[in-house]
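Structures for review follow.
Across the two complexes that follow, subunit A remains constant while its partner is subunit B and subsequently subunit C.
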Partner chain A sequence: MIEISDIRKKFRRKHVLNGVSFKVEKGQITSLIGLNGAGKSTILKAIMGLTPVDGGSIRIAGQPITHDIYHTVAFIPDRLTMPGSMKLRDGLQFMADFYPRWNPERAEDLMSFFRLERSERIGRLSKGTAAKFNLVLGMAQDVDYVLMDEPFSGIDMFSRELIAEVFTSQLVEDRGVLITTHEIRDVEHLIDRAVLLMEGHVIKDFNCEEMREAEGKSVIDVMREVYRP
Partner chain B sequence: MNNEEWPEAVFNSRDPVYLQVVRHFKELIVTGRLTAGQTVPSRRELATRVKINPNTAQKAYKEMEEQKLILTEGNSPSRITSDTATLKAIRSELLGEAVEAFVQSVRRLDAPVDELVELVREKYTGAAGQPDGKAGGA
Partner chain C sequence: MKTYLKLVHMEIYRFRFILLGLMALTAVVQLLGMQMSLTKSLNDVYRRMSAEGISLSEYAASYSKLSFGSIHSFNENLMTFPIMTCIVVLSLYIFFIWYREWFGKSSFVYRLLMLPHPRFTLYLSKFTAIMIFVFSLVALQVVLIALQMAMYRIRIPIELREYNTLIQTIGMWKAVIFVPVRLQEFFLVYGIGTVFVLMLFTTVLLERCYRFKGLIAGLTYTVGTVILIVWIMMMAERGGYFFYPSEFLIASIVFMLFNAALSLWLGRWLLRKKVTV
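Here is the complex of A and B:
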């Protein structure tokens, strides 16, 4: 489990995170939902140790964050960070060279699932194709947790559908997946938990099936209540 | 039914997905696309086929086991029940629900029952002749 307790962060004098707490359980897909600027990406970066927090704690399987985190957690940022001059095959080789948990067979499966061409240059990929390759780089690591920052943002509907299919496969089984999104329609049926952020606070944290069962509300219904009072 | 041609399931966002999956199975049983004793896909296969989270597939199978819709013995794959009473009950359940919904919506119009029955007969037998009755389907 990734346990985020009361984390706080200020940028200059603005409080971006105001005591945020929630958990990411293994074997579940948790979605961090919030309007732009709610602090979603900052939370992911904080979990990865890429940005310092001013207070609170983050523990993974009970342990504070250390360099070893990269053996346990994969981070898929909101854009591909590989140099554009590289070919996809070079990108895969880079991962194999530097990431000890890289799983080449899994990468192979994902490359064919997304129909990606190894000889293509990263810099020439369309936005949707780049998002797919970005996902390959993260999902092909044998790690317990995967964090994804806006995997659906700004890409065409068919690419989004294909990416959503990853959430129905064994790629997510037994892992803890944390995804940030504001395009919840793409994954509404697929997520186990929704954590709603507003102004640096968690204002709602619920199991989606239980919400449907107990109150007959979709995730979007709850979002409307919360964000449009 | 061959698992490769598993029919598409469309889910709404307000009912629990696992119960919608159970309902999907019931419809397949009532329409004869799943038959008594037939093996069903593993929960993993089902998740991929109907595009749901593997946890939801697991929950749906658990619910179907509790309702005695499917049987799982040891490590062998789950099967549709062969119990005729259960199978009959599923059919009455689905028909009952559909008729109930129909009655609720026409009751407001206060039409005489004979007229309704005649209209239903006309519409129903008419529609059966044209399988492409997709008008308004989204």
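Here is the complex of A and C:
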């Protein structure tokens, strides 16, 4: 389990995170929902130790953040973070070289699933293709948790469908997934849990299925109530 | 260890074209410069010989010989220019080796900071890479001087040669500070250089963690250290103070070792706790 408790962060004088707490469980897809600038990306970066927080704690399977968490958690940022001069082949080699949990067979499967060409240069990829390759780099690691920052933004319809297919495949099954998005329609049918952020707080945290059964509301219905009262 | 070596390899690989370019520039300019100096010096000798109607052995008897040092320093600027270029490029790369990870389209820093290995390895690998660049250029310089000596032996008639060893030759050169011959000089020059690389690395990380404030703090500290070291060296050279020159030397060595330790410790801490993408 990833436990985020009471984390705070401010940029200059603005409090971006004002005591945020929630949990990401294994075997569930949790979506972090908020309007632009709500601090979604900051939370993911904080979990990955890519930005310091001013207070609170983050624990992954009970452990604080050290370089060891990268054996357990993979992060798929909102951009492809590999040098543009590399070819896709070099990118895969880099992952195999440095990540003991890299799974080459799975990378192979994903490369052919997305129909990616190994000889292409990373710097020349279209936005959609870059997003797919980004997904390969994250999903081909044998880790317990995967964090994704806006995996659907700026991508055409068919690529979105392909990416969404990955979520329903066995690639995700036993893992804990935390995904941020402001285009909830793409993931609404996939997610198990929704965490709604507003003004640096968690304003709602619910199990989607229970919400549907108990109150007959979809995620979008709840969002409307929260963000457009 | 394996990760460290792989990262060092990656850093060298990414810099390979610039490094090879610098090497080619140094080799071409210095060898051509030597060739031009040799031709010019020999032409002068032959002109004087024909004007005075004397033979080579008579010339050698009545005029000074053509020492390697005098020919080499004939085109002093041409010899020093590539060295200065290398120094400027490498100095800039001390910063760029870090900033290239943050800026540009790729934000490679995300990936590097998420490697499942201690982040300090990253710091050490970049530092090692810079040192390898420096010493490969120094080594090339020594090879080039040996080649220039071979050119000297081939072109200058034996009557006019004045023999020097490689070490003497290097010692005669004004730019000798870049290739110190004596061991303690070598350690002093490159030791101090090494510590400044560490201090600049940590300054970059301070800037990355605390932006403008960090930059000011890091630069103030580094520049302050430069001033202090230069001041100590000047005092040691002038002498006549309360301390002996050797004591000044020891003081500066201890001070630089302290700075090195502080930079390494701070760099490690910043990478672990404070760095942000």
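Note that the second predicted complex is superposed on the first by the 229 of 229 C-alpha atoms of A that agree within 3 Å, B and C clash if a C-alpha of one lies under 4 Å from a C-alpha of the other, contacts with A are read in each partner's own complex, and residues count from 1 in each chain.
Note that in this section a residue touches a chain if its C-beta (ideal position, glycine included) is under 8 Å from a C-beta of that chain, and two chains touch if they have at least 3 such contacts.
Computed from a predicted structure; not experimentally measured.
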First (subunit B), second (subunit C), both or neither touched by A:R124: neither
Contacts of A:K26 with subunit B and subunit C, given as first, second, both or neither: neither
Which superposed partner A:R224 touches (first subunit B, second subunit C, both, neither): neither
Touching partner for A:R89 - first (subunit B), second (subunit C), both, neither: neither
First (subunit B), second (subunit C), both or neither touched by A:P100: second
Residue ranges of subunit A touching subunit C (in the complex, touch as defined): 45, 48-52, 67-68, 70-71, 75, 77, 79-84, 94, 97-101, 122-123
Contacting residues of subunit A [partner subunit B, same complex]: 27-29, 164-165, 167-170, 172-173, 188-192, 209, 212-213, 216-221
Touching residues (chain side subunit B, partner subunit A) in the complex: 11, 13-19, 44, 47-48, 51-56, 59
Touching residues on subunit C, where the partner in the complex is subunit A: 3, 6, 14, 104-111, 113-119, 273-277
